[in-house]
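Structures for review follow.
In what follows, subunit A forms one complex with subunit B and a second complex with subunit C.
The block that comes next holds the complex of A and B.
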């Protein structure tokens, strides 16, 4: 069942990002959003999250049922990790503090640590933890992996698997395609401002006998030459 | 709304404590008791810090809108009105309480001097400082309240103008049209607040709102026009400044 089916035209004052691009998202799938730097991956997530003033037609999903993970951490400077989690628990009805604390322990983060003193990797982990601790229907995750070590990568994937059910949809924008390839069922490839291609990951592997990452490299090389 | 106030107060509590500590140090300093100018200066400093605090808070909140900090409340179970009112009350609580504490400490110091040394001398020479309340009648103790109301009026007007401006921009209005519309709306707010003060004056004369500020006491049409221009000029300048920053520093979508 489709939760999003729309045609987007969107521009910043000096840059056209999308022009009549069709996008279709099905419920209960995990999508990888890939494309070159500056092609509009983060913008697309912000549009879907309704942060930019653009009215996407959402079906089956309420605006408050979207969980968006921005690429940088949002917090007030006085906050410790536990303060931030309590803030979300207090102000977001679908936030699960128990879930967050359980994984906080697995990531070996000290809840009493000041957020501004966290390393880049730890900030990413916290951001990711907050995003997945919400019981949402649509998860929009922007660049989850930079700065994060291999063991934590594993926990990340487990978290998604634990959260996943057929009513939940994940869209993950990333450059580390290999990390998510096995998890994702579809791949949204932003070729240029006019085209977002939606491909099944199984189909890519079976028909062209390439991994998603290799396929992406081939396609982008072709687009560049063209 | 209470939840927003709780977290927003915690956000600024450090700054607040620093300002209060400054206030106490200021109280404990042993100034030359014969230099009355210093006491007049102190009263001005209190006014400036209080107004500065209020403006600082509103600028911080406006800048939050252009950073990712706005995302903190984006998908929260609070409505936008609850968030807006929570932040507005946080500002009023912070600068209002600060003004009252500062005024109390200032007057305590004057009172001690008044009792021990300078009776009539101090009293007569501090006449024009709004914050020196020693030995006067009940009505004059309301000066800080009036000052607080004046600041609240400016803050509420600015906050509303900014809120309206953002809404209008979202609805695709040109920014210059937005400024004009905001200006007109703030003029209406000004008119209504004057009317409210007039009503208060009539219904609660013992509170003596006649002292509130000249700008809120003007009831003639001519006075209105002059005062609207003067009161709103600061707001319009600030707003224009913010719009300028917005267009220089932040990309925004121009399509729908």
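The block that comes next holds the complex of A and C.
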């Protein structure tokens, strides 16, 4: 079942990002969104999250069921983690405080810690924790991995699998493809402003015997030479 | 289990469970991990595990209980039959490949003998 099937054209005041690009997203899949710097990964997520004024037609998901994690979110630094979580619990009907506290513990973060005392990686974890603590239908996660250490990556993937069911769709934009490729069923590859390819990750592995990361490198090198 | 990112995860997982059953590591009628647990252990997409379970179920190697989840086939006989079919299928594929090298059966059996350390 498709939740999105659309053709997008979008531009910022002085930059064309997408021109007549077809995009199709199926329900219940985990997508990896990949592409080179500045190709429009974050923009695509912002469009899907309806932060940019663009009317995507969503099926099976309503706007309140989108959980979006921007790549550069900054919280009020004087707040404590627990206050922030309680704030979300009070203001978001689908926020699960239990889920958040459970994983906060796994990440070994102290709820009483002030946000300004957190390291970059810990702040990233907090963003991510809040994004996944919402019980949504469409999760849009923008570059979750920089600054996060390897063991925390693992918890991070567990969280996604724990959240996953057949009605939920995840789109994860990242450069660290190898961290995520086992988890993803499809990858959306932004080639240029006119093409977004949607490929099954297992098909890449079995037809060309390359990991998604190696495949991506091959393809993008070719695009550059063209 | 170590997953090779250059090969189909689906095939690797199916073989992994298959070999556990063939080798007796997973006993007849023993319970398999739930789809979610398996996905968490191996850190792979739950849909892939589901597809693997479905294919193994179609082959009769495992069965699905409506509430308790998936179990290994109770019949040793079915497992052995499945194992032989699997092995002969794989060998067939390999022999087709070898045919391209223009090699005789005698030569192949000789190499196999050597590999097994026979004199």
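By definition in this document, the second predicted complex is superposed on the first by the 224 of 226 C-alpha atoms of A that agree within 3 Å, B and C clash if a C-alpha of one lies under 4 Å from a C-alpha of the other, contacts with A are read in each partner's own complex, and residues count from 1 in each chain.
Simple rule for what comes next: a residue touches a chain if its C-beta (ideal position, glycine included) is under 8 Å from a C-beta of that chain, and two chains touch if they have at least 3 such contacts.
Just so it is clear, the model here is predicted, and its values are computed rather than measured.
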(message) Please determine, from the superposition on subunit A, whether subunit B and subunit C clash or fit.
(response) fit
(message) With both complexes overlaid on chain A, does A:28 touch subunit B (first), subunit C (second), both or neither?
(response) second
(request) Can you pull out the angle centred on subunit A between the C-alpha centres of subunit B and subunit C, to the nearest 10°? (result) 160
(message) Between subunit B and subunit C, whom does A:123 touch in the aligned arrangement: first, second, both, or neither?
(response) neither
(message) By the touch definition at the top of the document, which applies to A:52: first (subunit B), second (subunit C), both, or neither?
(response) first
(message) Looking at A:195, would you say it contacts subunit B, subunit C, both, or neither? Reply first, second, both or neither.
(response) neither
(request) Quick one: classify A:74 as touching subunit B (first), subunit C (second), both or neither. (result) first
(message) So in the superposed three-chain picture, is A:182 touching just subunit B, just subunit C, both, or none of them (first/second/both/neither)?
(response) second
(message) In this superposition, which partner touches a larger number of subunit A residues, subunit B or subunit C?
(response) B
(request) Aligned on chain A, what is the least Cα gap between subunit B and subunit C? Give it in whole Å. (result) 27
(message) If I apply the document's touch criterion, which positions on subunit A are contacted by subunit B in one structure and by subunit C in the other?
(response) none
(message) So in the complex, the part of subunit C that touches subunit A is made up of which residues?
(response) 3, 5-11, 36, 39-40, 42-48
(request) Report the residues of subunit A in contact with subunit C in the complex, numbered from low to high. (result) 28-30, 154, 157-158, 161-162, 164, 178, 181-185, 201-202, 205-206, 209-214
(request) Report the residues of subunit B in contact with subunit A in the complex, numbered from low to high. (result) 3-4, 7, 10-11, 13-14, 68-69, 71-78, 170, 251-256
(message) Applying the document's contact rule, which stretches of subunit A touch subunit B when the two form their complex?
(response) 9-15, 49, 51-55, 63-64, 66-68, 70, 72, 74-78, 83, 87, 90-94, 134
